[in-house]
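Have a look at these structures, which come just after this line.
What follows is subunit A paired twice: with subunit B in the first complex and subunit C in the second.
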Partner chain A sequence: MNLGTRKLLDRSFTALGISSIVIMGLMLLVVLVPIVSNGIGAIVFKSTIEHRKMLYHEFNRGDKADLQREIASSDASRKEIYRMLDTFDAELSKMDETRQQEYREKFEQVKNSLRALLGPIPGDEEPALARLKYGQTRWEKAEEKLHELLFEKKWDYSNPDEMAKEYEVSRSASFEGTSLVRLFPYVEKNIDRLLQPEWTFYWGFITDSSVDAHFFGGIWPEIQGTLFLAVGAMLFAFPLGVIGAIYFTEYARDGFLTSLLRSANSTLAGVPSIVFGLFGLTFFINTLKVSESKSVLAGSLTLAIMILPTIIRSSEEAILAVPKTYKEASLGLGSTKWNTIIKVILPAALPGILTGGVLSLGRAAGETAPIIFTAAVSVGSAIGLADVLSSPTPALSWNIYNLASEHEAAAEIRHVQYGMVLALMTIVTLLNMSAIVLRARISKKLKG
Partner chain B sequence: MQASSLQNCNVMNGDGNATEGRSSAFVVSARKRKLQQITRTAGESTLFLIAAFVAVIVLFIFYFVARDAVPFFEIRGFREFFTDTRWYPADEPPVFGALSIIYGSLMVTVGSALIAIPMGVAAAICLSDVLPFSVRQYVKPVIEMLAAIPSVAFGFFALVIFAPMLQNHGGSILMWSWWIMATPLILLMIVVGAELVSSRIEDDRRRKVAQRVLLVVMGALALLILILVGFRLRSIEIMTGTNALNVSIILSFMALPTIVSVAEDALQAVGRDLREGSYALGATRAETIIKTILPAASSGILAGVILGIMRALGETMVVWMASGNSAHIPEPWYNYLDSVRTLTATIAGDMGEADQVTGSARFHVLFAMGLLLLVISFVSNFISERIVVRQRKILSGQ
Partner chain C sequence: MTASAEATASKTVSVRDIYLPPERKKVAGGGVPHVSAKNFSIYYGEFEAVKKVSADIPSKYVTAIIGPSGCGKSTFLRSINRMNDLIPNSHTTGSLMFDGQDVYSKFTDEVLLRKKIGMVFQKPNPFPKSIFDNIAYGPRLHGIRDRKTLADIVEKSLRKAALWDEVCDRLDKNALGMSGGQQQRLCFARTLAVEPEILLLDEPTSALDPRATAKIEDLIQELRGSYTIMIVTHNMQQASRVSDNTMFFYEGTLVEFAPTAQLFTNPKNSMTEDYITGRFS
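This part shows the complex of A and B:
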């Protein structure tokens, strides 16, 4: 090969490496950007009057006088709609039977769309579920519902070879010639007054508990559950891990036993997380019976086992990074080995040990598989500190799965799911950031 | 305080020398010395017991998972589990054929490995040998962030964002990724190929002509292939976005950080002298890396690859949310656009119904799957550890 080709190959090799790193960075962006932007939308969004009604009724929050003024102005324009519905209802009963049947069903559809948009129609029974008590609380959802009110979705099956195609029919066209035809342009024109959208900063998303299976309200029970589980896991794993690391670095002699223990450690690190869940179920709950069924305690113990190898390994590294001279000086001054470890080595290694601990805390907070069988429930209120020994808890990671794949109306509450993912990622990222900062400070300190 | 530290000093000096001290402060009675020795031994054995706790846990995990897995094999035997592709645990009579589920696990693991290994090794090489130190500082946090994203967040991304994207624009996504990835590679192959073939011709002028002709012919051929394959890919309609391809891509990004960091460590462990020797002989950087450093670091890289693949195999949330969870072997067997079901997702998904019937084959079959995963992870961990130990020995010249 001549030199030119060799250089070309060299450059393209470099390009290959750089492009794979660029792809990794892009992937991070592709994952992060939609999650962050949509997740923020759970807290900062354009809320409608229905949102303020909900806050007032469910959480007793908001100014009563202001709210009543808004409701009054909104109701003034809503009245017109309900009057039109009544008029049409009267008109409908006068029609002949075939036309009546034709319109009855369509009329019900219109009424249901209106219920979804504005909440119950006067004369309805008081609904039991909170999701039916209020109209759309978020403006972008309200716009979708408005579209559903104005246009009917239909499927085109005319071509049997292809998949059915979706198309839309304007509802005002299908009510042509009746009194209801005026309703659609009226709602479209007055939607601002009907719903009174305004930008809101809904901090309650973080501190409120959920209302009606996450249709409204916040995610505090989940956040609290995640914190309980992660901190509980640390309480068990951290002391054990640090002591284990002290043994490995200061006391263990090279030999068969030590290498066996070390490979046990790396085996434990490689066990798939779902197997930890199985082990937690069969050992902590079914055999030791630490609690009747799922509980925070059982979940924390399972998570503790999972993060133990990481803590041991990072603590070991931190202890080994303490300069040998520290130890020698201490021993030279006549201190015992144990005294040296407690008074000299551990304080010097503490930031490094903490870094490992904080990283493991983040891992424990983000893990789902081990807590499925041991600690997590889908719906529930925040539990008190006294209940951690016996009761299960909702947790962010589990509820993200649950709301996204098993909730009956998963597509209706995407904003809650995004908000949860963002909350979880924020917790994990904050922990990681603090670990990075800690590490930077150590390396500065060690450099002197 | 001073006295006590002096005493400590005596203890430290060793077992029998304490009485050697001249001043009376150094003298420690035999009883006290014995007491101190006992405390020390007791302390050390406590430490040992705590360190041994990890080994105990590993044994416990094996024992307790196996204890609940054995009843399944007692009830149903081995053959059905490993050879039957039908998975109907709730039917009457039930069928517990896990072959299609094992195959699903294998499929997404292989798929993610195909993406993650080349990318991970290339990124590791880039980090250790190509990028200047100042850039490296910014790349490392990116990899750490990728490793820190919780698996359920990846699963949510795969299910809510990536799956609809694949379903609606699958064909064009495939076409564009084919073009973006294949075009530079094919161009490079053409240039190098033309160079290699024409270098046999001795005459200078004829060689140049031959090179140009080759370039044009092969270039036209390549363009044709690129376009034809691209349009073929574009015409593919992806029926469901929750399929093996989706999961493989996401899993590969979860396996990447492990592969990159372990492989980079292995590359760094190959000392400067090998690199400098190769440069001194006139090799370019690519030649140095491919012919000298990669072979020297290959076992370490292999260890990283095994660990990364294990992460993909053991991952639960992404596959549970985005693989489609249908227990069948895709038709044809390499069809990555079909839904699959994996071991981990089956354990997670079926336990909710099965733990009502503790003691039944339906409950224990999930532990059998757990045991299978556990054994695979144990074996591959053992292999990767052996590999690392061997490499360390080779590199230290023993």
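This part shows the complex of A and C:
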């Protein structure tokens, strides 16, 4: 091959390599940017007075005097609305039968929209669910609800050959000629005073329990559950894995059995995680009965089985990477094999072993399938350390899925879903970073 | 060539033939064989790496082992404290006695054996620990915990290895931060700290520059008379400088074993002559 062609090939390969990396980076950005921006939105957002009421009543947080002043100023504006509703109610009862029926339904819609926006209307029964006790706590959701109050959604079925079209009708138009028509411009004009939005940093999103299935409050039970499960898995898997690796590298003789064990280990590392989940259910819960039903213990054991092959493999590699001369030197001084392993080989292999361990910890924290059957519940409060043997726990990975797909009002709590994703990513990233730092520090210490 | 080598080897080279200048004899107190091999062979699987070696290694003398690469000299050296056990599928035939004890008997505790027969390797291999901990490693293994005693041993060993003056103010520094020559002398000190009877040196200067090499050779001179030293070397000047007796190995057989002065000036075997005059290597 002549020089020109060779250089051309080199350059084109370089370009190919760079472009593939750039494409990957861009795709990562496409995923990360919305997750990060929306996830931060769960903590930093424009909160309404309803948010502060909720915090005060559910978590007993906030300044009472301030809150009461705010409520007073908001109620002053709200009174006007409720007066208008009463007036219209009276007006309604004087109407003839057909008009009454026509308006009653629309009026109920308006009242429901107002409830969603501002909370219960005076005279309503005290609602049982927390989600009905408060209006919109987040300003951007409040704006959506305001839009729903001002405009009615309708479907156009006029053309039978096409799919129905959605269109909006102004509600004030449909109440033309009644007293209620004044309500809509009033709410639109005074929405700031009604809800009193202000920027908040809601750190409680991380440390609070959820209120009414994540409508309000935070994700601490999930974060705690994830930590419990991951740490629990490490408690089982790390010592076992390191011992297994020592056996493979120092004690096992090369033979049929050893190679069988090794390939079994590699195969286990590639088993789909849902299979481990089912295994955990049948083995730990149904057969061994480590707990009555789902529990943190069963989930940790299942996760431990799942990450064990990875820990064995990475520890094995770390041990094999220790220079053989260390071992020779130690044995040559009259050290026993066991002493050599404990005093010389393991310390030198520690950076690699720990890196593998922390990466596995990250994997255990993020895994969903194994804990579906063994440990995770969708809604629950944070459990105490004493309950890990018997109680299930919510966990980030499972609840992300659950909130996004199975929650009855998934669209109302998008911010919580993004917040959870961001929290999980942060935990895993922090773990990986700490692995890198740890490795660097120990290596530095070993190199002197 | 091979045929003649085997012919030579079949005659047992006796320690009584090779005893050294009379003045050294006095120092060493006689010349009881410290290590004694009889028809000793080492196999790696099927391959016979050392073939039927019979030799008596005199106590408290320096014995050099020379020979071309792959002749089995390192294998022989490492078999004396059973470091070859680390190689899977190796086994031995014949007998190898140390202090009247069969090294390869199944009753032999190889851990105790290695305490008595210390070894310094080709490449300096300090542990990634502090200088102090490197030397205290061996004594600690053998049960010495008292800080003061350990400090004494460390100082004594470093002085013996002529390293004390260079490192006495940075004993807590990592040993990997020292120069190659210092590291190798540290390995000597580490080995001396467990008070061995025999020092096996496996090409201890091959990874060092000439100045560091000279220091190691001085050290060997210092230690001769106190320890039985066996040194494998590729450097024939080194063998003639530091050793009392020299063994010449060729293709696994011990070709000639004689006082160094005699072997280098008046070799009995023509192959030895060819090798030391550089006709092959």
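Here is the rule we use: the second predicted complex is superposed on the first by the 417 of 448 C-alpha atoms of A that agree within 3 Å, B and C clash if a C-alpha of one lies under 4 Å from a C-alpha of the other, contacts with A are read in each partner's own complex, and residues count from 1 in each chain.
The working rule: a residue touches a chain if its C-beta (ideal position, glycine included) is under 8 Å from a C-beta of that chain, and two chains touch if they have at least 3 such contacts.
Predicted model only: the values in this text are computed from it and were never measured.
Peer 1: Between subunit B (first) and subunit C (second), which does A:Gly332 come into contact with in this model arrangement: first, second, both, or neither?
Peer 2: second
Peer 1: Of the partners subunit B and subunit C, which touch A:Val421 in the superposed model: first, second, both, neither?
Peer 2: first
Peer 1: With both complexes superposed on chain A, which partner does A:Ala348 reach: first (subunit B), second (subunit C), both or neither?
Peer 2: Only subunit C is touched by A:Ala348; subunit B is not.
Peer 1: For A:Pro323, decide between first (touching subunit B), second (touching subunit C), both and neither.
Peer 2: A:Pro323: touches subunit C, not subunit B.
Peer 1: Using the superposition on chain A described above, determine whether A:Phe283 touches subunit B (first), subunit C (second), both, or neither.
Peer 2: So A:Phe283 only meets subunit B here.
Peer 1: In the overlaid three-chain picture, which partner chain does A:Tyr247 touch, first (subunit B) or second (subunit C), both, or neither?
Peer 2: In the superposed model, A:Tyr247 contacts subunit B only, not subunit C.
Peer 1: Is A:Ile191 in contact with subunit B, with subunit C, with both, or with neither (first, second, both, neither)?
Peer 2: After superposition on chain A, A:Ile191 lies in contact with neither partner.
Peer 1: As a test of reading the superposition: which chain, subunit B or subunit C, is in touch with more residues of subunit A?
Peer 2: Residues of subunit A touched, subunit B against subunit C: more for B.
Peer 1: Where on subunit A do subunit B and subunit C both make contact?
Peer 2: Common interface on subunit A, subunit B vs subunit C: 331, 333-336, 339.
Peer 1: Across the complex, what residues on subunit A touch subunit B?
Peer 2: For subunit A paired with subunit B, touching residues are 1-2, 5-10, 12-21, 23-25, 27-28, 31, 34-35, 240, 243-244, 246-248, 251-252, 260-261, 263-279, 281-283, 286-287, 305, 308-309, 312, 331, 333-339, 359, 362-363, 365-369, 372-373, 397-398, 400-401, 404-405, 414, 417, 421, 424-425, 428-429, 432, 436.
Peer 1: Could you list, by residue number, the parts of subunit C that touch subunit A in their complex?
Peer 2: Result: residues 81, 83, 86, 88, 111-116, 118-119, 121, 123, 125-128, 137-138, 141-142, 173-177, 187, 190-191, 194 of subunit C touch subunit A.
Peer 1: In their complex, what parts of subunit A are in touch with subunit C?
Peer 2: 253-254, 323, 325-336, 339, 343-344, 347-348, 445-448
Peer 1: Considering the complex alone, what residue numbers of subunit B touch subunit A?
Peer 2: Touch list, subunit B to subunit A: 5-6, 8-9, 11-12, 40, 43-44, 47-48, 50-55, 57-58, 60-61, 64-65, 67-68, 118-120, 122-123, 125-127, 130-131, 139, 141-146, 148-157, 159-161, 184, 188, 191-192, 195-196, 199, 253, 256, 284-287, 289-290, 307, 310, 313-317, 320-321, 344, 347-348, 351, 355, 358, 366-367, 370, 373-374, 377-378, 380-382, 385.
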